[in-house]
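In what comes next, chain A is part of two complexes: it sits with chain B in the first one and with chain C in the second one.
Presenting the complex of A and B:
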């Protein structure tokens, strides 16, 4: 591997890790707050990509505006999912998880029937050209993802640690009963968590729309990665999810470079299996008393 | 004694024996698939009794199917050997898969089982030799026995029927045995089960491996019938359909999944003209049942029975009260 390829691969790894982090943080957060296990998280990602397809490719809005639209739209889908599925199945992780598998079917069909199933939707690349770093060519479109991910995770961190609602959310994740005793409204918190969860998946999908084939089934490949990241990160830990996302981004990208994408996925799962055997609580997870 | 269950079984067996002669060729094919799915859904219930709703179960079925394809194409093994051997292969793979999975529970178990199932499925796509890659394997012989060609639907139907009845009988006995009750004890209260000296992890593994064994049988029968299999046959969509069958039926008794499969097979055939919209319908049904009828159809039957019994008791109370008055 020469230096240019190495830099190329490293930067691609960071890009992949950033996308995984945005997706997995939402999944981990929803599970952390009141055990909402969302199988349709990949379909939220897909919905974000379709928001960009509709607003940017069809309506001709500026790309950043289309990406920003994905946040409230998919966030609202998250809230609706919380109200319609997770609220009635609260206390039963399995029922919520299986019901969102049904939701995934529904979203796939609705999107497929509205915008077509067969061919992938083409979203033109808004930012052409590539940065030249020591001989490595990295497309601006990809590079753009890194600062966006940093901004998003920074905002989330600020919200969780310095805003009252965010602190309430963390309290609710740690101990819902005690949180309720402090006057925190659990129902508000679950809605908030699913709003953030949906918004983050939607944002990731929106950012990936120009560089990822947009199809109704694009969520499937993503959900596998998101699941692996969440397990590696220790199920409920957001910091763990970010760390695991970056790690998996590197593993996937390096293995894809030297072999192919299927082997990369396989190595990712195998890594997860080894971590489960050696350290079942995940990289940053704590053993529950 | 409970005489209803054996009676029901006899009636069903007679019906199953007569059915292929009154049905069209297409319907016989549907019936064959139904019987195969019957083994699959029952085998999945074994796992669910411990609370481990694995998302890799159809991959275990696929393991049986791929094993069958390899055994019958490479070594020309006859069908009465490929089916049990495929089941053993699936059980061994199940044992390997369950080892890391035992470290997880609940949501972690679901998603880790999904990931490990995908690992196996991806290996079928990756290794074109011997698994045929994304396009799968073709030319799997339909098998024959005593000079009877199983390419013909009716003889194969009876072969599958015999295997299915034997498998279901075994699983029924297992469900009512001490082991089956231990599985349920683990689900009801793991801590309590452990404190009674039950090796929880060993029983969870046992349920998983037994389930994989019978899923392997189902996969083997499927491979012989279809003649061609590919990794898409065993993807997460198929898995969700399996979950729909079992959720619609309910899991608290042996009969629940069988009811669910029967009803959903009828709905599936009925919804054939809707083709592209079918997943939406099924997804909606799944959500409906999980939210409004978590006990499944089996729960509906139980409710109706309880209500009837209550009414009868009510009547009896009233008459006895009347008698006392007079």
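Presenting the complex of A and C:
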């Protein structure tokens, strides 16, 4: 591997890690507060990409405006999912799984019926050109994802550690019953967690729309990776999810470069399995007392 | 101030609390003693809204609170220190205290409450940036009590505050409870340590298999032959 390929691969790894991080943090956060996994999280990602397709490619809005639209729209989908699925099935993990897996299919078909299946929707690249770093070409469109991920994770961290509602969210994740005894309305908190979760998946999908095939089924691959990241990081740990996302971004990109994407998935899962043998709670997971 | 009127609580088909009536007057400590599984904790959890009574009524300050959510009951001025302390382990001492004051909006008053709590528990001030899960059992109990006090509750519910603590810590917690009483706080204390509980309280209720079998002035219960034999090991 020459120096240009190496730099190319490293930068691609960081981009992939950033996207994984945005997606997985939302999944980890929803799981932390509700103790239920959202199997339609990949379809939230897909919805974010379609928001950009509709507003930017079809309506001709500026790209940043279309990306910003994905945040409230998919965030609202998160809230609706919480009200209509997670609230009625709270505490029943199997029912939550069945219902959100069903929702995933419903969203896929809905989008397929509306905008078509088969032909991928083409979203033109708004930021042409590439940065030339020591012979490696890194598209601006990809590079843009890195600062966006930093900004989004920084905002989330600030919210969770310096804003009262964010701290209440952490309290609910650690001990929901005791949080209620402090007057923290648990139903508001699960709604908030799902809003953030949906918004972050939507943002990731929106950013990926110009550089990833936009199809109704694009959430499939994403949800698998997101679960690997969350399990690897330690289920409820936000910091763990970020760390695991970066690690997996490097593993996937490097293995894909020297071999292919299927092998990369296998190596990623094998890495998770090995980590879980050594640390069953995940990289930064907490052992329940 | 608080009265439980003939309440029943069921877990499925099993009645855990049967026809229990308790009265708590303003400014007093009322204790609920009894063996493990007698229904003490269930009764306390019903007051805080974590269990809804299947029959009977709970009245606080003239208003029925049975069937309300824990969030609503906390807002009315009832704070509970749950069994096993239940501090938020991955939050700092300071953040735990902030969560106790979650519903308060008066910043300067809240600040004053915080100062009072730090005055009661100087160790919490020293360790305010430490994660609560890294405190010792006794310190966690102090934090759990401090957190409950942060809402300036009219009624404080304490569930087994002495459980699992070293004898010297138990004396420390007992001292704090009597200080709170001296300051006019109303407290319902659930304890397996009957000796301690009857020393602190003015009135006592003895529970056995979900029922109140005896109640009266704490001082008299201490000298009751039955209580001495069963709970005080005399």
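Quick note on the criterion: the second predicted complex is superposed on the first by the 289 of 289 C-alpha atoms of A that agree within 3 Å, B and C clash if a C-alpha of one lies under 4 Å from a C-alpha of the other, contacts with A are read in each partner's own complex, and residues count from 1 in each chain.
Keep in mind that, in the parts below, contacts are C-beta pairs under 8 Å (C-beta built on N, C-alpha and C of every residue); 3 or more make two chains touch, one makes a residue touch a chain.
Predicted model only: the values in this text are computed from it and were never measured.
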item	value
Partner chain(s) touched by A:185 [first = chain B, second = chain C, both, neither]	second
Touched partner set for A:147, first chain B, second chain C, both or neither	neither
Comparing the two partners chain B and chain C, which touches a greater set of residues in chain A	B
First (chain B), second (chain C), both or neither touched by A:97	first
Touched partner set for A:263, first chain B, second chain C, both or neither	first
Contacts of A:37 with chain B and chain C, given as first, second, both or neither	first
Which of chain B and chain C A:129 touches, first, second, both or neither	neither
Footprint of chain B on chain A - complex, ascending	31, 35, 37, 85, 88-89, 92-99, 101-106, 108-110, 112-113, 117, 220, 224, 227-228, 230-231, 235, 260, 262-263, 265-266, 269-270, 272-274, 276-277, 280
Of all residues in chain C, those that touch chain A in their complex	48-50, 69-71, 74-75, 79-80, 82, 86, 88-91, 95, 98-100, 102-103, 133, 147, 151
For the chain A and chain C complex, residues of the former touching the latter	164, 167-168, 170-171, 174-175, 177-186, 286, 289
Complex contact set, residues of chain B against chain A	51, 53, 99-101, 103-104, 106-108, 110-112, 114-116, 118-119, 122-123, 125-126, 236-237, 240, 243-244, 247, 276-277, 279-280, 282-287, 290-291, 294
